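Order of writing sets the labels: A, B, C and D. Residues in every chain begin at 1.
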Amino acid sequence: MSITYLEAIREAQARALAEDPRVFIYGQDVGAFGGAFKATKGLAQEFPGRVIDAPISEDAIVGLAVGAAIEGMRPIVEIQFADFSTVAFNQIVNQAATFFWRTNLPCPITVRLPCGGTLGSGPFHSQTMESVYAHYPGLIVLTPATVEDAYSMLLEAVAIDDPVIFCEHKLLYYHLKAETLPTEALPVGRARIAREGRHLTLVAYSAMVHEALAAADELKTEGWDIEVVDLRSVKPLDTDTVMASVARTGRLLCVGESWPWGGVTAEVITRVASEGFALLDAPPARLNAKDTPVPFHPNLWAAHRPTARSIAAAARKLLRQ
Amino acid sequence: MSITYLEAIREAQARALAEDPRVFIYGQDVGAFGGAFKATKGLAQEFPGRVIDAPISEDAIVGLAVGAAIEGMRPIVEIQFADFSTVAFNQIVNQAATFFWRTNLPCPITVRLPCGGTLGSGPFHSQTMESVYAHYPGLIVLTPATVEDAYSMLLEAVAIDDPVIFCEHKLLYYHLKAETLPTEALPVGRARIAREGRHLTLVAYSAMVHEALAAADELKTEGWDIEVVDLRSVKPLDTDTVMASVARTGRLLCVGESWPWGGVTAEVITRVASEGFALLDAPPARLNAKDTPVPFHPNLWAAHRPTARSIAAAARKLLRQ
Amino acid sequence: MVQTVLDSGRVSDLSAIRGVYLKAFRIMLLARLLEEKLASLYRAGKMHGGVFIGRGQEALSVSIGLSLREGDIFAPLIRDQAGRLAFGEPLLDAVRTYFGSVLGPMRGRDGNVHRGRPRQGLLPMISHLGAMIAVVNGALLARRLKGIQGTVGVASVGDGATSTGAFHEALNQAAVERLPLVLVIANNQYAYSTPNSRQFACASLLDRARGYGVEGHGVDGTDLIECLRVVGQAIARARAGHGPQMVVAELLRLCGHGEHDPADYVDPQLKNSRLGRDCLKVAEEFLLEHGWADATSLAEWREETQRTVEEAIAQVQREPTPDPFKESWVALSSRHLCETHEEEVPNPGADI
Amino acid sequence: MVQTVLDSGRVSDLSAIRGVYLKAFRIMLLARLLEEKLASLYRAGKMHGGVFIGRGQEALSVSIGLSLREGDIFAPLIRDQAGRLAFGEPLLDAVRTYFGSVLGPMRGRDGNVHRGRPRQGLLPMISHLGAMIAVVNGALLARRLKGIQGTVGVASVGDGATSTGAFHEALNQAAVERLPLVLVIANNQYAYSTPNSRQFACASLLDRARGYGVEGHGVDGTDLIECLRVVGQAIARARAGHGPQMVVAELLRLCGHGEHDPADYVDPQLKNSRLGRDCLKVAEEFLLEHGWADATSLAEWREETQRTVEEAIAQVQREPTPDPFKESWVALSSRHLCETHEEEVPNPGADI
């Protein structure tokens, strides 16, 4: 048996629905149709009345989830593409994210955002939004890179008493496979050493972990041992694991698929530069997408996002310093 | 004669309306009433038909501005409080910000955001959003700290062929005064040395420039010469000026009123750490607001944002390293 | 027949409603005097931030609170002091939230009208207009999923809020789900300075009901009996399973947008029209006319109420305000997932 | 009397409309054959990204394009290939945008239906549903401010898009400003897999018009003559200064949401109803019935059109695709304000 990243997301939701009567799913086309990506396939049939089709009203979708959470439910919201969460932005950052702080009561909603670039998807079906959401207090932002994490972190997201922005990467949906679902997992908030090495710490998250690993493979042939850290969660960010790795390697390259101004890579570098300055043997570096909307044509798209090749090139430069 | 920061904003709009028939103003209560803060006082009377009251529809307000800009106009949008721009978020980051890149045609809109904390304003009337907007490609984000800049940068914003997010700080509206309006000014994209010094570079923007200057005054009595850099524009960010200052001082403290995760301070530190690593004699440091919504009560609010006192304390620690 | 706080079948038999009417009046009076006090404190420079009052809207507001029951949901608008009190919000909640007392429900973190008690069904508003309606929907859907029946939710908004996308999405959502939502629109003719003519172009906001497939009810918001009857009826119909209800009350804001606002833009013609009547005065006259109260009892009530208000203010002014050093500064319920940002100020003892 | 592309006073006199009808039919045919070709290329794995077609919606769509004039504004929905062609969008624009040719209006930066020529009044959509309506409003307001009269703007949306906040805010805005906006709603019964019953609860979307204070027009979207008449009339009324117009066309999406979608959720009853008629077939029958075309001419037109399509595809397939090294990678028109992010990859020669 083998299971894909997407199937893991479906299985996590099935299990959450089965084990906790407070869980329900709300989003466009998530019901009988099973969702635009089939992440809720069969769930409406299996859990009648608990997988609910929504009108094209993202603001009201998230607003409803907050109201249900206040009443003790554990809603999972599917936004059809992360890009469309901009029209639910207010309910996410001002309603859900501030609720606990204002009232001292939990607001356990999970917002699933199918994120990231895929071939030919263009400016409005390719965005990653983790950097924007992580800026706001009151949100937890998860970015699973593996089938195992997609499963275990989604289950944990539903169990967490706070609003969780669950960034699933569309590029991993069908191709990324594991043998089985995990029975145990690192908790949310802990990063993972995806590959050990001693010459450079390559920090990545979500789909970029796989580009980073491929870059590390490539550099291995040149004699470099690259340590790859998979952040798993960008808020909270596991500074300790990153710092410990940099302490071993002395060099930091941080990679993200988001835009270059601010965001995850700037946050990671700032933490290391502020708190681990003396650990660094060379300037910390970052590699992000280019500072334009995500292009439609595959030629442009491939050049817009970091790839194993551009990561390896950036790492090489840093290793030479 | 003396002129306030708010009056400078009004005067800039009056001049833009007078000099360019393509300029019009659109926003809630901006007409006969003159705006919630009186930033458009008298303009509807002076420029009939060109200062237009909008319904409570921020999404449509910005959408309309984009459409008018496409047709060659130069709309200035007033959002009543920056916090409410979350409901116009999609039109700003996906419609306005991507337009030039997609079509090769300019989209000259200016979105005025009354930003920042003031006494007793609470979580939804105090936000600064420059860090979120600056993350998006296709936007220019300005954060004037002085009466002169409020005036000259708003005029420049209207003249710029791209969408400009103009972050005016409400705390400066009434109290900050200048003798006259400037006749010349630094261009957008250039930071300003607000105070020269040699022991530490204190980077700030918007209202925090004044806290930074007060901190520098305080530290002067202890024998420290602090250089204060006013960023003026957070996107584009004038890395050269910051770097040149750090080259002189060897120490960097970056201060912002925004939340700690990501944002302006992380971006500044990352640039200096990556490109000017060897210039630093101590780890770069930052000081932001606390990672919670902005509190209502003045006691909490004063502790939530950086102040001259907390900035001086942070600087002192850095100076001792 | 659905049952309401004021059984509409018997309005002609006035004596039957005497109890409810008097109760409503006393609450309106309390709301009015409380808000007048807050406004005067504002003018004296004793408040943090703004003061937003509901002068002229008490009849409508109180009717909402009195028509709701324990277990119902209420998301008030900024002018719903009377409705909050009628729904059971303690008087002290208002005062404490205005003063930022740590004993208040918002503990100084949020202020003035931004308060609530979610566990008691009173939702704490965010400022963004229209944003609370979908939250009410969510609470109602939760009830349905949990198998709880017979509760309703009221979301109260102004004429200006009807122009928000949030209003539209949420009302449509309630209609699609056939939730027991009662959307009360207090059309006080202005949104801040903006008159209806710059806010919408339909003849009446009631014309919107049909476009959502919900039942619509119009009411004269200056007339307490009418408000009790119509709001009560709408809430009863929602409770009885007739799906979302829209109530449009016509009235006039008899104050500034906030107490900072002299509101000199309000059309004098409106002030002098029936809309411009003060619902509290109208109710007072009704009481006198029907012999349910006389000048003495009115004066006594006023005095007693004034005392209640003064006492509450005096008590809260002695209460502790928040201490930033005791404040936890965490925005998450899951404390272990909070990040500490102390590192921002480099610690001199740190190993670097 | 306002004048329309198909003067409604003379519909009984069919011969008068022969020219327009034939023109419309030929454009519908071109749109259909182009989209069938794109769909087959998609199935053959030759397209980047999705393909979204307007099968069954050509009659409505072409009526928009033909009723508009040079200088008007058009913000199409994803199924408006016919309307685009009728409005004057070159056939090559579609093909080039699908293939990402650098010669196309979007130069490979955006794809498929996300294209336009703003200078010619054809607005390039963003994906977010409802978001283009306010942009049309802005273009129309700009015209008014510039003193340009007599132009109108059409925004075309689906039934699903009516649930967005953006739809509501923008339609209300147009009504308040009394802009010459024509909002055409193609109610094809589904939004992706979601049927009308889960999208709204009003009896007809036309019931919404009154709530905005705009004029409403219903039309059978499968009937070309009706579409030409009603859409033409609505556009003419907007042009004549009667304020925003709402057109609601009832029809059925005769394809998947995109070409990846087998759409097996579509109710067979709907398929077999009048709504499920193919407007192109209906028009063909009409032509034959009235002797405006015979089987031979129909076959000839089809063949000729097919050739046009094939030629366009063949031409574009030979055109250059974007070169990332030649791409400027700047998102601002003000080049001097762009930041260079080359520093991300540390330069080995850098002085550090």
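Heads up, the rule we're going with is that contacts are C-beta pairs under 8 Å (C-beta built on N, C-alpha and C of every residue); 3 or more make two chains touch, one makes a residue touch a chain.
The shown structure was predicted, so the numbers you read here are calculated from the model rather than taken from an experiment.
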Quiz item: Shared touching chains for subunit B and subunit D?
Solution: A, C
Exercise. Just grab the chain with the largest centre-to-centre distance to subunit C, centres being mean Cα coordinates.
Key: D
Quiz item: In whole angstrom, what separates the CA-based centres of subunit B and subunit C?
Solution: 35
Exercise. Measure off the straight-line distance from the CA centroid of subunit A to the CA centroid of subunit B, and report it in whole Å.
Key: 30
Practice problem: Please work out the Cα centroid separation of subunit A and subunit C, and write it as a whole number of Å. | Solution: 40
Practice problem: Please set out, as single numbers or ranges, the residues of subunit C touching at least two other chains. | Solution: 106, 109-110, 114, 126, 128, 163-166, 169, 172-173, 176, 198-200, 330-331, 338-339, 344, 346, 352
Quiz item: Residues of subunit A that touch two or more other chains: which are they?
Solution: 54-55, 57, 59, 83, 86-87, 90, 94, 97-98, 101-102, 123-124, 137-138, 235, 237, 261, 274-275, 277-278, 282-283, 285-286, 290-293
Quiz item: Drawing the touching chains as a network, do you get a line, a ring, a star, a complete graph or other?
Solution: complete
Quiz item: Which residues of subunit B touch subunit C in the complex?
Solution: 28-29, 32-33, 36, 53-57, 59-60, 81, 83-84, 86-87, 119-125, 260-261, 282-283, 285-288, 290-293, 295-300, 302-304, 310, 313-314, 317-318, 320-321
Quiz item: For subunit C, which residues count as touching subunit D in their complex?
Solution: 163-169, 172-173, 175-176, 178, 198-203, 207-214, 243
Practice problem: Could you pull out which subunit C residues touch subunit A in their complex? | Solution: 105-107, 109-110, 114, 116, 118-119, 123-124, 126, 128, 131-143, 145-146, 165-166, 169-170, 172-173, 176, 330-334, 336-339, 343-344, 346, 350, 352
Quiz item: What part of subunit A is in contact with subunit B in the complex they form?
Solution: 59, 83, 86-87, 89-90, 93-94, 97-98, 101-102, 123-124, 131-132, 134-138, 235, 237, 258-259, 261-267, 269-270, 273-275, 277-278, 280, 282-286, 290-293
Quiz item: subunit B touches which residues of subunit C in the complex?
Solution: 47-50, 100, 106, 108-112, 114, 126-130, 160-161, 163-166, 191-194, 198-200, 265, 321-325, 327, 329-331, 338-339, 341, 344-348, 352
